[in-house]
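The structure that follows is given in the form of structure tokens.
Labels run A, B, C and D following the written order; every chain starts at residue 1.
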Amino acid sequence: MYNFRTDLANERTEIYKKMNNQQDNIDGIETQDENINDQIKVERVKIINENGVKAIGKPVGNYITIDIKNLKIAREEEISNAAKTLTNELRILVKEHINNQDDVLVVGLGNKSVTPDALGPKVVNEIDITRHLLKYVPQYVKEGARPVSAIAPGVLGTTGIETQEILKGIIDNVKPKLLIVIDALASRSINRISSTIQLSDTGIVPGAGVGNARKELSKQSLGIPVIAIGVPTVVELATLVSDGIDIFIDRLQEKAESNEFLNNLQKEDKYEEVKEALNVGEYNMIVTPKEIDDLILNMSSVVARGINFAIQD
Amino acid sequence: MYNFRTDLANERTEIYKKMNNQQDNIDGIETQDENINDQIKVERVKIINENGVKAIGKPVGNYITIDIKNLKIAREEEISNAAKTLTNELRILVKEHINNQDDVLVVGLGNKSVTPDALGPKVVNEIDITRHLLKYVPQYVKEGARPVSAIAPGVLGTTGIETQEILKGIIDNVKPKLLIVIDALASRSINRISSTIQLSDTGIVPGAGVGNARKELSKQSLGIPVIAIGVPTVVELATLVSDGIDIFIDRLQEKAESNEFLNNLQKEDKYEEVKEALNVGEYNMIVTPKEIDDLILNMSSVVARGINFAIQD
Amino acid sequence: MYNFRTDLANERTEIYKKMNNQQDNIDGIETQDENINDQIKVERVKIINENGVKAIGKPVGNYITIDIKNLKIAREEEISNAAKTLTNELRILVKEHINNQDDVLVVGLGNKSVTPDALGPKVVNEIDITRHLLKYVPQYVKEGARPVSAIAPGVLGTTGIETQEILKGIIDNVKPKLLIVIDALASRSINRISSTIQLSDTGIVPGAGVGNARKELSKQSLGIPVIAIGVPTVVELATLVSDGIDIFIDRLQEKAESNEFLNNLQKEDKYEEVKEALNVGEYNMIVTPKEIDDLILNMSSVVARGINFAIQD
Amino acid sequence: MYNFRTDLANERTEIYKKMNNQQDNIDGIETQDENINDQIKVERVKIINENGVKAIGKPVGNYITIDIKNLKIAREEEISNAAKTLTNELRILVKEHINNQDDVLVVGLGNKSVTPDALGPKVVNEIDITRHLLKYVPQYVKEGARPVSAIAPGVLGTTGIETQEILKGIIDNVKPKLLIVIDALASRSINRISSTIQLSDTGIVPGAGVGNARKELSKQSLGIPVIAIGVPTVVELATLVSDGIDIFIDRLQEKAESNEFLNNLQKEDKYEEVKEALNVGEYNMIVTPKEIDDLILNMSSVVARGINFAIQD
């Protein structure tokens, strides 16, 4: 499979089509776009069979991408609109998998002490928890409320325990019917950083966004359906430099200043060589907007509200 | 049993002796004091039988209290000395229960978003984790290192899940041989706030320090020994006001200005009435030093270093 | 003057009337109450002459108290209503002192590292700053916008410089026409904590809320009018214990169980003795709700929005 | 002048020599290297006349670069050694400009809410302040102590006021004899991020490190000598991509696969074109290690301790 260097299904679909000079839909993949308003756009990708799986390397299921412009400077109204869009899309996915009063566990992946990785734990802080109230003081909860619990289990580097192991144990004891998992993702494109939300019902691989892929969280590994909400918050430096060189060779070709050797180079992956040459050393370098702290704050508001309204009618 | 309004075994021992006008040791309780230096004092209380249990309402086991003066303004040297004292006491307790290379899980109780309750999560952040390294890259770990993992599971109010339920599941999957649990405690005395560390090997009731007692974490409930490290970070307001009135009546008695009615009053618990009269309302009022943020920082350094050295020789 | 142990003009007015068994208005003081809705109440106190000044120990000027119920659990709607109430009251005060396009400097007093003292710096973070835009890129600012700047100067204990000295220098260079100063206050009543906003146009003494009164910020000392926005976030422990004892003696008197000595005691100030007896020691003990972190967050949203709308039409 | 894209004097010296194929010292610039230990290296650059100024575009004065390896994983001992090295270098600079008991004002530039820009405010939090003690309670201060004050004035974007304007006013009132200014810098090299400290006595331009150069702080503009302590915490994305392409062309040349056009390209600045092509858009993209939060913590400890010991003997 091609090294897409992105987790987003719609980005992979675009790259696949461009690489194959294909205009129409890929076999096995249904896509649908909707402009909610000037600021918000929804792209739905549905992988329906193995052809689709092979094409873009993602399992059968639903992938919904919500794009929000200018989230950095968003005010209350735009944050509220973005949250409503997430609520609408998420509600449909939830209803596909569980009933109205089934127990939901919300899981915020990521390391709360690393700003661009802290989205999951921040969202968990804002989730309206009802499970303990329904158990101990049901009179304080609106009738018909669904039991909701939430946890931020930390990352392997700070706990020493695979997230999968932690969640397996909790699921055995709490017995939720559905997991909603929030995580930071890596994107290929700077433009997507903290302005995109990807929803899917096929699970997630924790830490993929910050260079440390772990054991997957999915129905297969955990026994209950897993809806993942992923938000790109970083681009890996090496990816970006590699892209920069691609663009550079493209320009040379346009000006007919390229040569055989350069043209061949572009077809290979110059990732490792550039990484080494830039002397990135022991650090895992990431690219973020300077305003990442504010973006994460706004985005966690959008995601938390989107979930709160989607799981309680 | 008397309402001691303190979790500290040595405070309870003192109160019991004072109430019973007793000078010598309580039957079933052994005590030993040691001055480490001008700043640090260690008091060891060992409850050896049911008489001791009845007297102060704590289970059979070891209770060690370390007092550190002036921690608010502590410099590197004092923090280091305090950590060494904790290491020495903790190492003995650990060796009583497990072998050199047995797996240890460190648990930081409390809510990281509530300053005086954030000690546990802050300590977890500074624990040297080795379990994942021993599993995936053992060549990077010093020979003979013990597998250590750590988690901050949150509190019932933010997760909707009893801490006991979360830990049971993790223990089933990770299979540690010992739990070291850190929590914020309530103290009766303002002087103890964030200058005292209580160690015990009899488990802990999470949230007791901030007015929300939960299901206990102990060998009985979890199947493995539990060493608790408790640090008083708050005094409940109602406790303090009640104490203030006790002191006030004592002064009146000294000046022979008290009366029969007042003397009887003092034997009862005026807690509820005062609480109501001060109109504390829906809030759970706590008393802390204004410098609580700095104290918690210094204390979490002491506890984390104390643990790190005690569990790896 | 009586030791009111509160900074709030309306609390002082009540205490004065109670102490003098007075039902009607105090000479030199005009008061007016308004219920905005079920949750929000406004009390306006206007001191118009020296009689009023003498009675409650506050300078001639306007004192407006806004009470907000249940701010801890406030949702977007209530926060928005509370902010609108502040906007309406503040706008009137601002118009009394300066013109539409006059320069305003917003000052957030307090120590951002001490939770209950961090309100001022948090509000400053959310103020819409326009002064630099009007100077460097006026095309990006709405026509008719007022130049607004903001600063959180820190506290004497962390800067070594009196806030007055810092502000004098900045005023000399920036030349604003009005100062809006936000600070944490001490209240006598637990109920007021982070649910009350006091507005006045007579200046402020920084740090009065947390036991360290500094040089006043006022038209007299700084040369320009100063509107102060004060929010009670703590009660001093000694105040509360003293109140507890007062209440206790009141109850005894009701039950006719008091005596001559007790009755005399109540007329004096038992503050120091109790403080000493409780062994508060070197710490400056404060009383706050356990939920202070959330309360401060909600309150800083209310105050920042209230200011932003009041100073730009 | 060549666009060096780095603020570090020693980096500029290296680049200048490389560009001019020069082995020996540049006229007007004296350099001296010292290895303190395995981990720490000091490079001293002294610009002594206009030839030096012209060569590397920095004013006459002292520039000292301290390099610290592995600061991310530094333990107490290494942090302490790094701080001592800073103390030694800083003490010499301070003595060149003021006397033993002259007043010093420490200024932490940067925005405390933007992680890689928060170094200055974090250092200020740890400076030992004595000015107010010497003024109000001199009996509590060691004899011979120097008056030290400190402030974190914020950045233009959050205050609306030029840092220079704020400091001018404070200097007029506080009348210090020396300013020590701490700021985050941009570096050309990823390796330098948060592992390098540059000291100089020629002042600083705030915000240069994060793309918003402001009015300079120097003896010329403020009337008192200014020692700047700069720490590179970010690399601008465009710089890095540009470097990546340079390296890429270098490799092509080594393999004799380059051409005339490419060789010419390399002599120009491809910065803007690449920036545009990567579609960086409205965001100011920065490159940091994922571990930036920890690095900033360790570095602020090093800088604060280094200053505290250097300014009080």
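In this text, a contact is a pair of C-beta atoms (placed from the backbone, for glycine too) under 8 Å apart; a residue touches a chain by one contact, two chains touch by 3 or more.
What you see is a predicted model, and the numbers here were worked out from it, not measured in a lab.
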Equivalent of A-B within the choices C-D, B-C or A-D, defined by over half of its residue contact pairs recurring: C-D
Most distant chain from chain D, judged by the mean position of its C-alpha atoms: B
Fitted rotation between chain B and its twin chain C in degrees, CA, nearest 5: 180
Averaged-CA centre spacing for the pair chain D and chain A, given as whole angstrom: 37
Centre-of-Cα separation between chain C and chain A, whole angstrom: 44
Chain C and chain D, separation of their C-alpha mean positions in angstrom: 40
Where chain D touches two or more other chains, by residue: 113
Parts of chain A lying in touch with chain B, wherever the complex brings them together: 112-113, 124-125, 129-133, 147-154, 156-162, 165-166, 168-174
In the complex with chain B, residue positions of chain C that touch it: 72, 113-117, 189-191, 193, 210-211, 237, 240-241, 243-245, 247-248, 251-252, 255, 257, 259, 261-262, 270, 273-274, 277-294
